[in-house]
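The structure is given below, and queries will be raised subsequently.
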């Protein structure tokens, strides 16, 4: 049933919209030949500075950016911003041409993506949702994981473009599958952060130094990426660097919870995690880092998760 | 404030009570000089077979087993069984002598341990709770992690005994701290198993093959020991080997939830996980393995977590 | 700022779409002068039978039904069915005229209602969401409570129509407010049903006959409409009459949960109730009554909520 | 199998320990013939003032109070306080005589009650747990509901005493059954308070004035004692009178949750309610009234539950 894959597009021109913390280093990998790059950003200065630094073109509107482009890439905070760029004067639909492939690297939601795909499809444009993981460091190194939803043949056409910033390009399923998987991964991260905080707080109340508890857990079956990488460096140290906003993780958990409900999957842990991160985001504000959610657990438990009783430590 | 540690006990005689799946390989490491080993088991044949195989003595009652022992080690299903061995004719209290150290390697609960410690303390016996992690393979290799609650000086006295089956001996805090930490670790494992199952089910409904989803998650921030080690080998493969009973994990999550409530730590994720594993244990029965809990999520979601759509896979 | 209310519409012609268990008795109240009634139903025989019995007209399509009507009333299972009737050949938009008032008595959802209102508004039609409570008996008696969302002036125009089947007509707020309040009320009902079942099961395990427990609770602070009216007549009696489908209550709780999430209201009890009713609906099937959800609690607890130990009863 | 009930005790002397907000008006009903009343209170002045006002005797210790009494009644904050009065110099066990009936009207917990019953039984004293509902007004009017656990024949012996302050005396089951049922009733109250607050907050976000929402709910299926009696008078009015402390409701919900877990009843709503009231108690402090828990929901939702938009109201 497999047919020969379509030939990759001739990528004479790539448009990149959204030069934020992740988008900007991604776009840098596309700033060199063989393709011409046109960038656009809501705050025009940012696009102009990028264009000047990398010898590419800054467009004055989304329509101008995408006009003549073979591939359009968006990287925005939420699907809502992507949808908002489509219509109106100077919008994407004003400039985009049939045959273009639209790749949305936003950590968006499947429902909005389905609407976007329909609108683009009506003018002959293919849509892929293609959120990335790997953070700013992965974006800079060009080693992102890209989770792609949409037609596999279309993905094959643009794979060479995605490979310029992505090390692992995974076709996940139909439109929305990439967004769903990204949201699910982040929801699991959120659950693990909260569960680890609860566990350390409970252990501390039973007299276990959080540093000791974490060391034992990280040598045992309860360990996770959160317990091994985030808690030692960010929580026990009280450093809480701001690398990925709690507001965005709240959004992602909410997307996963919405998909679960729409798909009729009973997911009580996921739904509860969504409530907890909503609370934490509200309590800690928009600037807080995602790991700072543990501060809510600490406050509720009246228990700081710091190596507070070092002299109690008697590890073998 | 640190005083010189007390000299290790002369371990002329060690009693080991409870030759189950973990206890039996632990006891084997104690069957050789310098100490004499006496074993006891509720089913007497098991103790006799062990004694015959290893050239040690099988006692006919707990009292006989502990009489004259410097160190007594118990390894039973729950603290309730340990408590039940103390009193009555032939019970531990009938045979144990002042100055003995009682080491309970059961995955028990802090509240019962406190009562046991009090009763033993009244007759001059020191109590340590010392649950282990590492499974049967760790017990056989003598590489267990031992989480110890109780007096640190007493731990120093018996450390050489524990080191015969434990690679990492960690003093966690006062009596009950070892049991609390073991329960917390296992509760986190339980949460991660359920959260991963929910996540894969949601992703599958959005069109993502569980094998693809798991591969991406295991390269991303949502990974855990559960997702990396348990799901590929046991869930996707549909193997579900029976290595650690769901009934015991249910018990452990319940202990952690009880400690949380007693300590007044609001822990909604932990409490909900306790309810879910109670349900899963009840639905799947006493013989089920802990990872089989995902079958409840699968049933609720009408979604098997198997690599069901391999031809959809198009990883880079 | 209050202006004089607009004069009520001259209701020369009312269209009623959806002759189900609630819709049919509602429509009967509109079958007499002063207005002419036109009915439509997906299953045409039902509309024809109604028309024959009541001397009104059965339309062959939604377009035919609404053509020339001053007021259009819909009463369908969900907002999805309402939305589906709008477009396409023979759809409502084909027949409806500017100035008509569209009253949707479906227990629908605010988000879809907003879309419907927008589409209708574009052709000069006003939209009110107007779900009802009171059940089939209230519909037959014409004593329904009607919860109305939309413009208050428009409500005043059609109030005389609504009063023919509704005793209490409440303006709740803007479009969607009626649907939201109906969903919230039903979600509270669902929470109370489940909480009462949990409570009776716990009490029964402590030795309290469910009949005794219920009698005491109904004389105390824990009582609710569920405990006072549903449990004695339907649960203790094991009668479980089928009057309101669990499938519909599941839908309503889901709507309330969706509104909560969209409105960023942390509502952990509501979200958990949504999961539980999803599970119950799935376990018990589409035909089950809403009160049968307690059977899931009974099964989980291994505890029937019946007056099982009558001889234990010793009420004063 | 029913045998003739034993004759009521000759109640020559009743001891009452605990003259708090509920205990004091209860004791007043016992201050007149036929029985002599001896009272004791931790704060001696309170007992002396009561004795002076009512012409009864104030004892200097629990032992003195119960010496020679036929019936001993306790009414204390928790079972822990009751247990603490038993032993030690001047404790109850020092003064109480075989054949006495001990009636504990505390809103206590079944587990501690079982221990108390065992200790009393060893000296020939019968124990009944007999928590009351009806509040201070019911205590003053002598119209309390009394939920009794323990031997039914023993209850018959003391029924005339209980009837002096109780209108409805219900035998619930074995020792602990009264405490369990009281806790369950209060847990249901707690769930209803929280669910109503969540529901009103969600409705308010959809544009429904809380006063309108409450009026509709109270005419519909989602109503409860909480929505009908507590919310109009205490929440919408912003009066929040302090009649029953949140700290005590938190305790009661915790007891119900503990019984559920011990009885292996999966009760996710109850367990979650326990977490929420723990949080609310902690956030609002020991002096807060139980209904003030809604303030936490208001804060989380950024939505006051007051009739804030009265001009929007357009009820029929």
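Going in written order, the chains are labelled A, B, C and D, and every chain counts its residues from 1.
The rule we apply is simple: contacts are C-beta pairs under 8 Å (C-beta built on N, C-alpha and C of every residue); 3 or more make two chains touch, one makes a residue touch a chain.
Please read all numbers here as calculations on a predicted model, not as lab measurements.
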Legend entry - Furthest chain, CA centroid comparison against chain A: D
Legend entry - Interchain centroid distance [CA atoms averaged], chain B/chain C, Å: 51
Legend entry - chain A-chain B separation of Cα centroids, rounded to whole Å: 38
Legend entry - Where chain A and chain C are represented by their mean Cα positions, the distance between them in whole Å: 39
Inset, instruction - Quick one: which residues in chain B touch 2 or more of the other chains? - result: 264, 266-268, 272, 279, 282, 300
Inset, instruction - Once you've mapped the touching chain pairs, tell me: line, ring, star, complete or other? - result: complete
Inset, instruction - Would you mind writing out the residues of chain D in touch with chain C in their complex? - result: 1-2, 110, 133, 145, 147, 149, 152, 155, 159, 163, 166, 168-174, 176-177, 180-181, 184-189, 191-192, 194-196, 198-203, 205-209, 212-213, 215-217, 219-227, 256, 259-260, 263-270, 272-273, 276, 300-301, 303, 311-316
Inset, instruction - Enumerate the contact residues on chain D facing chain A in the complex. - result: 268, 272, 279, 282, 300, 302
Legend entry - Contacting residues of chain B [partner chain D, same complex]: 254, 257-258, 261, 264, 266-268, 271-272, 274-275, 278-279, 282
